[in-house]
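The data blocks that follow each hold one structure.
In what comes next, subunit A is part of two complexes: it sits with subunit B in the first one and with subunit C in the second one.
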Partner chain A sequence: MTTPSEPASAQTSPSLTSPGQTSPAETSPRAVAIIARKELVESLRDGRFRALAVSVLALLIAGLVAGSLETRQARQAIDSARAADHDTWVGQGPRNPHSAAHFGHYAFKPRPVLSALDRGVDAYLGRVVWLEAHWQDPFSLRPAEDRTALQRFGDLSAAFTLQVLAPLLVIFLGFAAFAGERERGTLRQLVSLGLEARTLALGKALGLGAALALVLVPAAILGVAVAVVTGGGAAASSWVDAALLVVVYSVYFAILLGLVLAVSASAKSARGALVVLLGFWMLSTLIVPRLVADAAEKRYPIPTPRAFYSAIAEDEARGMGDLGSRAERRQKLEQQVLAEHGVETLEALPVNFAGLSLQASEEHSNLVYDKHYGELWRLYLGQERAHLWGAALSPMLAVRALSMAVAGTDVARHRHFARAAESHRRELVKFLNDDMTYNAGDAAFGYLADEGLWRASPTFEYQPPGLGQVLGRQLPALAWLALWLVIALAVAVRAVGRLQPLPGVSS
Partner chain B sequence: MILTVMRHEWRLMRRSPVSWWAAGLLLAATAYALAGGLAWQQERADEAVAIAETGASMLAEQRASAAEDGGAVSQARTYAALPPGPLAAFSVGLADLLPKHAEISIWRRPDTLFGRYQLESPLSLLAGRFDLGFVVLYLLPLFILALSYDLLAAEREGGRLSLVLTQPLSLPGLLAAKLLARLVLLTAFLAVVAAAAALAGAVPALAWPRLIGWLAVAWLYGALWLAVCALVAAFARRSETCAATLAAIWLIAVLVIPGLLEAAVGTLRPVPSRLEYVTAMRAASSEASQASSELLAQYYHEHPELAANGEQGGFLPAYYASERDVERRLEPLLADFEQRLVSQQAWVERWRFASPAVLAQEALIELAGSSQRRHRQFQHDARAFLADWHAEMSPRIFLGQQLAPADYDGLPSFGFSEPAVSRQHFAGTVAGLTLPALLALVVAYRRLDRFEVAS
Partner chain C sequence: MLEARSLSKEFDGHPALTGLDLKVESGEVFCLLGANGAGKTTTIHLFLGFLTPTSGQALVAGTEVASDALAARRRLAYIPEQVQLYPSLTGLENLGYLTALGGRDDLSDAELRGFLERAGLQTEAASRRMSTYSKGMRQKVAIAVALAKGAEALLLDEPTSGLDPKATNELSNLLRELSQEGVAVLMATHDLFRAKEIGHRLGIMKQGRLLDVLDASAVDHGQLEQIYLDHMHD
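Let's turn to the complex of A and B:
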């Protein structure tokens, strides 16, 4: 082992620091600045770093531009589809309201502006939902279904590049920071100058951070610009959201830099540092996310479509709670309505009974859907929480959760929209059933409503949740990120405090 | 002599903690992936059986209740289910994403028979599967790189290389022995995978050729990575440079090129907008429903034999006639989607040679039976089944006839025609993995002439 177990044993081992050794000259900001400048210049002169940095920057720019174009196009397609759907609805001609309810509406899930930066789970959730009578349908038209198996390798969105590829840039930038100097013997020279390890570490961190910033700052500026351009002035708040993403990713890179410096300071050789860091990268970006997905699936198993929809059909037929079977429910309703209006027969009612019966059956179905879809959402959100367990081993998972949430492409946002769409469906169907009840008279299903009713029907306006609400749900992810930052700083400080200036020194 | 070197290499590996770690991780990952794959295959098989049984029992119930006055055509419903691929336990591919069952009834159109299936967890789909395909595509190369990144550099740096070459052994011979030692390990690893899978019952009786093909692709893929290690070893002087170069090559081959291809195929072979399809479908439905009485009259006009039997009209025939009109109108759009998806896949198959990872992935999921092509075959078969169903039912709808109990026995039934693996595709994959490997070895060996044995 190269590290002594106690800093107190500094006098017996060639450790760089011990309390009281501080002299003002070596901790001066000037020393830090000189070291930082040297690190920056050295990084920039390294052909391998340049090649890697240019590649990462090129991928980021390509991802941002492609994402922006794609998002703009998708937003326009959604706008025109919405308009066309409205026209079709209004122009459906004379029709029985219940037939119109069967025809229904489509709700089109809006594409958030920042999906240009992070597509999140968007590709794996449907884009549209049919709002029809009797049925709460699942969302359909998942973008991933129209893509080839190449999608399994991951897309090259800005988020993927930042979360998965850019950490390698940090690793290649910093793995030799201390270990390499030690192997070359220059660390020993620095020590002989009376330089404090803390100064050296701070200088290196700043210098490497600056080299990293040369790649990430242009990307961040472009990212914010993309958010503004994609939004087309429609969403002023996307500025704020994009800026928040910049902060989240900056913290992520600070964490990575801290870990890289810590490993470099405590590894025996540069090669060893590289192996450990690449292993960590592999674990945190490739392996842990998949393992956690399996664990989440075991803990919160999603039912098969057959089980899910047959359970719904069963509850429909048998009735929720003690409400009784379909026939019993209908009979109860009949008696209740007759008693309310004080008449003997359905024909004598001042209202149309079919309309009342349809609405009653809707309300029963709503209970069934609330139960089953409520349970499904509980499982999805449980899985989302379970994925955050993996953040204990992979800071990427915390960053991913935050990034998706702020970009509006996470499961919670989908649920928010799905709930809004479902309550609109219920409102619309009730509106049409009420028209049937009060206006159909004896014509019942022969009664035809016209364009006036279609125009008067409730319209669907979706209001996405505010940033405060989004972040409120992400407190665990924020906590993980903060914890990682503290850990990264702590291990970096600790490793630097125990820095060994000589290669191969064993205690 | 070569055997001596190989034995020596294995001894070195046994002494090195890195190789123990790497081997341990790889074997643990393999065992985990195989167990997960087996569970998935079993679940999928059970589910396919359960769906088929549900479909059969629904028809049986209707038949039983139809004993007296015949069953309603509108009530007759069944399911078509896709069984898991022959090697589903090996590669999940796209099988977790695409529809695996279809509802068949007179209410369904070719564009609506796959519905209510999109429940799979979006987060799991995002994370991707930890299956054997993942182990082979991602982890196996990393394992090979960990054991082979300094085939020559470390010994050269340590000054031992010139000593070794004082033995009756050439530099090419030494490299060959080192590569062979690793190739034996790769072969042993895949043999263990095959044996474990076979013992665990993951391989159905008729799937042996597929298993051999799957293992051959995995072996060639691993061997190609070994050849790349040899190439880098022949050029690079320091082991750090070797490691960094190989890591970069891995990154480009496994993450960057597939990502770029994925972006390119979306741009060059775009699939038409599904939202526009929804718009067209809605417009067609609305128009057809407004014109349903004319459509029905027209239908009877075209099929006078169906009008012969008295009563014409009613809700069901009118609705059914309007639905067939919608189907006719959407047919070209649906065919366009089909054709674009096919051309997208064809583009990927042409460009798969750009990265060994894409090449191997395409072949592995094709052999496992979890490719897009197999799912398209299922969609095709299910639509053919639906068409048969409609052909059987439509005369009864227009004639106002019920289904007699005996009629239920004559209803069409579903059979999935498992698509064979294309020999040409497989041969292309083999060539695409072998030729670059041979090329890398040739270049490496020519370069060895100028290799500086001592630094």
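Let's turn to the complex of A and C:
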């Protein structure tokens, strides 16, 4: 039997304590880096993470490449169609200007470079509008109309992957960050070292963030490269937009990471944390968006095309306000013009009355369209605002709104283009009616203009809104995102501050 | 180095530890003996600050654990019954990680290997992943962490449970060495034989109370066993 020696003197300095030793508190940033590195190494050595990361990366790349190719094809098709449309317009030969106004031409909605990332509502609202006299036509070329329900599931854009699927990667990366360590017993080992909980949390957040970045950064670089190549070289504004999207999605993932760490720190078990987080994922990415869409549709019901155009036809026939019916309006105009020129018959007018009458009819139609399309846009934008209220339960809805807005594929951008196209239509029709008014003389509809007029007619060059304007409209979405970030950080700090190193024990 | 002053802990109104008064000096090995539920592990968890006392104080080098757990933990090393480390990291990586977080991020791989060797881990095992380690090997890594950290006090919770005799003997020798170097050791154990062999003083606990404190050199194995059983049967 061995007899233990007497206790060493209490004043003896333990020989195990090296003179150069530093305390963990003094090396906190260094400790954060050490934890982050270890978390990254562990993630990379985890086959489940590798498999999931490769899957998400593959989906992202596939979405980006498919989106870029589609954008490229769409741009080529638009360029080609626009050129053909121009050739047809200037080559239409001698024609009465009002007939030319009916002959019309197309306005093509440009495809922004970043639509390769986020196609937004583009496929649902249409990409081309026919510009003609009297009619503000609806947009056509809506790919969504040609899809089967099954095809929509296959429409995996990069934005969908980032908004809906990548959060699963964050969840699987982090659900066991604290709960798993507590179950395994490694958390008590860490805590017993004298490590501050916030150092541990920060290190884990950075390590998991780095693992996530290993998946997302290559995808982002590839996405920008593909977009630039297929977009024929991005303008400086596109780089700024792309950088902003990177910030938006980074904030989104920071929110998710904060929530994941908070749940993991608070949950009694890793399995419990996973169940809670998957529940939140389902709620925020699948259930809330669906419920909000239904609620928005009920709150702001869009009229059927039949009802919409019937209401327009009714106002056209009856006349807006007290302007009277079509016949009454024509009679009033005739009297007014005759009085203005001091003549008694239309034949005595120095201008062509048919041209004036057509333009007056056009201006009345404009009032009708402004009323009905104004109401339609109010409903669309009301739905968009209603969707954003869902951001109270789902940060994804705020991110989705910002992503579409910055990519230039949201309802507001569509409306901006539609208004510009309509403004051009009115300018073009007036130009043609004015030509008839002042140059047709008595020939009226027998008057023919030539190529010179077609070439002199106004051309349509769409200028999209600047980033400031886009973000100005998205202040509510930015506010929701900022609020979620604050909430996620606050709950993470609170949960980590109450971290229990022992499983199933309340201190 | 370690001191408990009227230390008590209740869980949902049920006492787990009642009025513990205890001092473990530097260089002393104090073994807490008792059946399951005696309060041994609760005592260790209170010194680590994993639990907050219902009343009384736990102090490490004069620092009250409840008021500054971080400062107290920096002087301690803890070896639980089941040492759990990171399975995807090697023994050396685990040691490097934990010692760096314990404040020693200045150690080279060679120095870390030296600590593993001193803890009794075979050299070739250092580069293997933890998932291949036995319980005894994991415990040696935890001891190496304590060595590298330069802990002033060691808290061990049933360290010999499940170890083979050779590993148990190696652990005993190492604890004696550390004691001679001035490290205070508080060890909770069921193993009367090892406690008598390693400890300077032996505390017998039952139902959260410290019933008796014996000078290990004043009793032999048979006497210790008899005293222990007498307390258990009271």
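Basically, the second predicted complex is superposed on the first by the 473 of 507 C-alpha atoms of A that agree within 3 Å, B and C clash if a C-alpha of one lies under 4 Å from a C-alpha of the other, contacts with A are read in each partner's own complex, and residues count from 1 in each chain.
Following the convention adopted for this analysis, contacts are C-beta pairs under 8 Å (C-beta built on N, C-alpha and C of every residue); 3 or more make two chains touch, one makes a residue touch a chain.
Since this is a predicted model, take the numbers as computed values, not measurements.
*Asks:* So, does A:A133 touch the first partner subunit B, the second partner subunit C, both, or neither?
*Replies:* neither
*Asks:* Where does A:R290 make contact in the superposed view: on subunit B (first), on subunit C (second), on both, or on neither?
*Replies:* Only subunit B; A:R290 stays clear of subunit C.
*Asks:* By the touch definition at the top of the document, which applies to A:L52: first (subunit B), second (subunit C), both, or neither?
*Replies:* A:L52 contacts subunit B only, not subunit C.
*Asks:* Touch check for A:A398: first (subunit B), second (subunit C), both, or neither?
*Replies:* It touches nothing on subunit B or subunit C.
*Asks:* Please determine whether it is subunit B or subunit C that touches the greater number of subunit A residues.
*Replies:* B
*Asks:* With both complexes superposed on chain A, which partner does A:I78 reach: first (subunit B), second (subunit C), both or neither?
*Replies:* Once the two structures are laid over each other on A, A:I78 reaches subunit B alone.
*Asks:* Is A:L193 in contact with subunit B, with subunit C, with both, or with neither (first, second, both, neither)?
*Replies:* Touch status of A:L193: second partner only.
*Asks:* Using the touch definition from the top, say if A:I302 reaches subunit B (first), subunit C (second), both or neither.
*Replies:* Only subunit B; A:I302 stays clear of subunit C.
*Asks:* Quick one: is A:K38 in contact with subunit B, with subunit C, with both, or with neither? Answer first, second, both or neither.
*Replies:* It touches subunit C, and subunit B stays clear.
*Asks:* Give every residue of subunit C touching subunit A within the complex, in rising order.
*Replies:* Within the complex, subunit C touches subunit A at residues 1, 11, 25-29, 45, 48, 50-52, 70-74, 76-78, 80, 82-86, 88-89, 93, 97-98, 100-106, 142, 145-147, 149-152, 172, 176, 178-183, 196-200, 216-217, 221.
*Asks:* Contact residues on subunit A for subunit C in the complex?
*Replies:* Going by the criterion above, the answer is residues 1-18, 20-27, 30-31, 34-35, 38, 41-42, 45-46, 184-186, 188-196, 500-502, 505-507.
*Asks:* Residues of subunit B touching subunit A in their complex?
*Replies:* 18, 29, 36, 47, 50-51, 54, 93-94, 97-98, 101, 115-130, 134, 138-139, 142, 146, 239-240, 243-244, 247-248, 251, 254-256, 258-263, 265-267, 271, 273-276, 278-279, 282-283, 285-286, 289-290, 341, 344-345, 348, 357-358, 361-362, 365, 371-372
*Asks:* Subunit B touches which residues of subunit A in the complex?
*Replies:* Touch list, subunit A to subunit B: 48, 52, 55, 59, 62, 66, 77-78, 80-81, 84-85, 88, 91-93, 95, 99, 103, 106, 108, 120-121, 123-128, 137-142, 144-156, 160, 164-165, 168, 172, 270-271, 274-275, 278, 282, 286-287, 289-294, 296-297, 302-306, 308-310, 376, 379-380, 383-384, 387, 411, 414.
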